[in-house]
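Same chain, two partners: subunit A is paired with subunit B first, then with subunit C.
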Partner chain A sequence: MDFNQLISIIVSTANFYAIWLILSLSLNYEYGYTGILNFGKVLFFSLGAYSSGFLAANLANIMAGVSFDICSVEAVQLRLDLAKAVPQLPLLVFVASLIMGAALSAAVAYLLYISTSRIKEGFVLGIILLSAGETSRIVVRNYEPVVCGYHGLVGIPNPYTAAGDPTSASFLLSITIWVIAGVAFLFINKLTATPYGRKLKAIRDNELAADIYGKKPSHERRKVLMIGSAMAGVAGVLYAYYLGFVAADDFTSLKTFDIWVAVMLGGVGNHLGAVTGSLVVTLIDRGTRVLRVFLANLSIPLETLYLRWIIVGVLMLLILMYRPAGIIPEKSIKTLGLLRIIERIKREKT
Partner chain B sequence: MIEIASSLVRALQSGALYALMAIGLTLTLAILKIPNIAHAEYVTVGGYVSFYLINFAGFPLWQTVLPAFIFSGVVAVLSYLAVFRPLKTRKVSMFILMVASFAVSLIIRYSIYTIVAAANWGFGVKPKVVTNVVFRIAGIPITDILLMVLPITVVVTVTLYLFMIKTLQGKQMRAVADDPDLAVVSGINVDNVAVLTFFISGGLAGLAGAFWVVFTHAHPDIGLEALIRIIAASALGGFISYPGTLIGAFIVTLAENTVMDILNRNFGLSLALKPLMPMIITIVILVLRPAGITGLFSRQPRGRVAR
Partner chain C sequence: MLVVDRVSKSFKGLKALDEISINIKPGHIYGIIGPNGSGKTTLFNIITGVLKPDSGQVIFDGRRIDVLEPNSIYNLGITRSFQLPTLWLNMSVAENLMLPPKQQVGENLRKAFFKKAWETQDMQLSDMVWQTLETLRLKQVALNKSSEISGGQMKLIELGRTMMSNPKLVLLDEPTAGVNPALALEIFKIIKEIKQSMGLTYVIIEHRYDMLFANADYIYLLNEGKVVSEGSPEKVINDPVLAEVYLGA
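And then the complex of A and B:
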């Protein structure tokens, strides 16, 4: 393995880590803070990816004034040619995809939330989200006009074609992904380190009490689900642009499970937990892929891709049974008022 | 007209199978309060038992039904004993149980993947079952598999219903569904009830899987593909009602096959949109009647299991 290969593996792992981090932070915000059972994370993730594929393909057709089938070879060539001819265009499409992905995910989250809002049991929303995720995958896989069905849509141009050579363009894209992940981390951190974050935890811990204090649990949950889904949509757009390729079969409920493992492993209701957990999950994910190539070179017939999911499933069960709080357990929030009371008690004791 | 009628017949036979699959989910949810996503994998297990016996041991289809029932039931009981019981004794929330069932479903599915890859059975192979048209009613072909599926479904559902209302075990199950604490106080062994529930629900899913694999093909994902219909059927029953689930399964398959066929024929709607139908039905039902379709006939806000 030479140096360049190592660098590319590290960069791609970092990119996947950043995308996983955004998803884990949003799930932690939903489940860890507010207690929403979101089993459809992959639905919102995939909506971001589909919208970027859809926009990139159809805008190229509209710009060139032709009506190719978006899956045809000509259309792929057209997209790449157009990106070379008008280097600013892919960046614009990228920004438009980010907005559309976030908006579409939030809108679908809103619709699915209000459809179950008459039911008290929280698990129903989880089941419906899971079912919606699987439904959308099966439909998009068989329905060509979205992202070319089974074969997937290829040739999403890099947004930084203006930078010239492909290496620096992909490096700029990686930096964009890391910056967005960092911004997501800061955003969620600031958002939940406020009275608003404590309100969400109150809703999670005791909905009735929160309701009596006038905190509107259903309303808040809907908002949280929409914000979390918009974040997942952004992650999906980044994923699609990073791979340059969208296919429906990439978005099975396995992705949802990965994010759940990240959140449960790291620690529920605590952002550092999501950071740690998604790192572990990314390393497992990338590691098994590298291991697979390695084993294939040694011609050892062991299918690590299947084994990987069994290991992750067992890991999840072990966490749930023996360490439900995760690696970094949630700490109680120390507000100024609480600190003052603790100080007074200490003073009275002495 | 004949196309629509034969599509109705097909909807009848897949509706019967979805009903068998969905009953199990409703039972575990109503009695034990476990939203068991791994339920779909019991279908796959049953399907593979049937596939193995037909293709490699030369059994006829009807003889594979009982082994599929027992094997899937045992897998379901094992998943209860290994995962859900330890978690229940820790008094975890329903959410955690659902996350755990997600993990169980992955473990079962990928174990099947590993076994199939290791034994070199191939993915997506059809079981060697020849479907014969026995006779035609007004031009609608009636196959021998339909004649096998329908009576077995009717017998199983009626037996289960009688079991739930007549026998002591059935009464215990309903008591646990109503109030687990009161059931314990009355001297019911809740653990035995749970094992029995898991055995029955897993077994029914396996039984359905044994037939289901003949209509589709043997692949570790067949349970996952059926999951959206199972959930829709169960949601139509309000996740707790036994007859509601049965009716729901037929409504879902009817909408997915016959209605979509008609829409495709007359309005040119793509058949690829078929899987959207269960989702749409589920959402419409949840918005209009959160208690499920059986809530239409009772004044109680929620129906109860097996009433």
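And then the complex of A and C:
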């Protein structure tokens, strides 16, 4: 492995980590803080990705005034040519995709939530979300106009085509992904290290008590699911643009499972837990992929992608047995008021 | 203040409340007694919106509330405790007390981002919590997880949460159940103190009749979902219906 390959592996791992981090933070906000069993996380992730593909493909047709089949070779060439001819266009489409991905995911989350809001049991929403994720994948896989069905949509141009050479464009896209992940972390941290976060945890811990004490659980859960889903939509857009390709079969329920593993490993109700858990999951995922290539180069016929599931399974078992609260357990939300009480108690003790 | 007007509630054919009517006036302590299954907790659940009545209505301060959600009823000024404590078990005792106050700016999704908008209120809240911890003699466990404290202390936190609610009417469901006699006496002493200092109205379901009768101004005796006797504690004690309900005719 040469230096360039190593850098490429590090950058791609960092990109996948950043995308996984956004997803884990959003699930932690939904489940770790509010107790929403979102078993359909991949649905909102995929909606972001589909939005990117759909928008990039159809806008190119509209701008060129042609009506190519978006899956045809001509359409792919048109997208790439248009990006070169109007280098600012991919960036605009990227920004539009971010907005559309977030808005579409939030809107779908809203509709799915209100469809079950009369049923108090949280697992019903979880099952509806799980089914919706799988249903949407099957529909998109078999309906070409969205993202070319089974074959997937190729030729999503890099938003930084204007940078000139592909390396600089990739680097700028990576920076964008990391910045958005950082902003997501700061956003969710700032939002929940407050009395609002405490209220969400009250809803999670005892919905009846929260309702009796005026907290409007259903209303809050709906908002949280919409925000969390919008975040997942943004992650989906970044994923599609990073790969330059979208295919429905990339969005199976196993992706949801990965995100849950990241949150459970790291520690629920704690954003640093999501940071740690998604790092572990990304390293296992990328590590086994790199190992596969490495072994193939040595002509060793071992399929290491399955090793990943074994490692994740064993890790989950160990965590549940020896550290059920996760690698970084949940802590109290120390607002100024609580810090003052802690201070007073310390003073009384001394 | 609170009028329960001919309210009925059945569970799969079993009549828990049968056209029950009660009238609560401000500034008093009311006791609700009756054997198990007489409908006491169902009555609380209906007043607080946890259950909807099959018929009848509940009026609070001139407004019909039996159609409202629990959180709306709470915001009108009715708070309650539960027979089995429903604490937020992953949170500390202090956090359990910080949650009930209404209109917390920092609990608003948009305003939570702006620390300056809520930090003063949060600090004031900590003073209220401290005061409540002192009243309830709970300072020593203030930072413990509420799952780690004793059953008696859990009952005190339930009481503390009602104190932090700034309510008009407090419904207490067996506040001394599972509590040793000394602490039970203490709980009633605290209730009386709060009632006097804050001018609150209490409705208390209780099986320790000695304590309830010594502190309540008015008693409702329930049996099979109906009020079978009511009046001053002396009147209800001397009512032959009381013995009939508990011992059979």
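A few notes on this one:
Definition applied: the second predicted complex is superposed on the first by the 328 of 350 C-alpha atoms of A that agree within 3 Å, B and C clash if a C-alpha of one lies under 4 Å from a C-alpha of the other, contacts with A are read in each partner's own complex, and residues count from 1 in each chain.
Throughout what follows, a contact is a pair of C-beta atoms (placed from the backbone, for glycine too) under 8 Å apart; a residue touches a chain by one contact, two chains touch by 3 or more.
The shown structure was predicted, so the numbers you read here are calculated from the model rather than taken from an experiment.
Using the contact criterion defined above for the overlaid structures, shared-chain residue A:303 touches subunit B, although it does not reach subunit C. Judged by the touch definition given at the top, the superposed model places A:6 against neither subunit B nor subunit C. Touch criterion met: A:127 reaches subunit B, while subunit C stays clear of it.
Residue contacts after overlaying the shared chain place A:144 against subunit B, while subunit C stays out of touching range.
Of the two partner chains placed by the overlay, only subunit C lies in contact with A:335; subunit B stays clear of it.
In the superposed pair of complexes, A:321 makes contact with subunit B only, with no contact to subunit C. Once chain A of one complex is fitted onto chain A of the other, the partner contacts of A:264 are limited to subunit B, with no touch recorded for subunit C. Number of subunit A residues touched is higher for B, counting subunit B against subunit C. Once chain A of one complex is fitted onto chain A of the other, the partner contacts of A:313 are limited to subunit B, with no touch recorded for subunit C.
Judged by the touch definition given at the top, the superposed model places A:283 against neither subunit B nor subunit C. No residue of subunit A lies at the contact with subunit B in one complex and also at the contact with subunit C in the other. Contact residues on subunit A toward subunit B in their complex (touch as defined above): 31, 35, 37, 39, 112, 114-116, 118-119, 121-124, 126-128, 130-132, 134-135, 138-139, 142-144, 149, 252-254, 257, 260, 264, 303, 306-307, 309-310, 312-314, 316-317, 320-321, 324. Within the complex formed with subunit A, the residues of subunit C that make contact are 48, 50, 69-71, 74-75, 79-80, 82, 86-92, 94-95, 98-100, 102, 104-109, 112-113, 115, 118-119, 122-126, 129-130, 139, 142-143, 161, 165. Contact residues on subunit B toward subunit A in their complex (touch as defined above): 35, 37, 83, 86-87, 90, 92, 94-96, 98-100, 102-104, 106-107, 109-111, 113-114, 117, 224-225, 227-228, 231-232, 235, 239, 270, 272-273, 275-276, 278-279, 282-283, 286-287, 290.
Within the complex, the subunit A residues that touch subunit C are 190-191, 194-199, 201-202, 205-206, 208-217, 223, 269, 330, 332-333, 335-338, 340-342, 344-345, 348.
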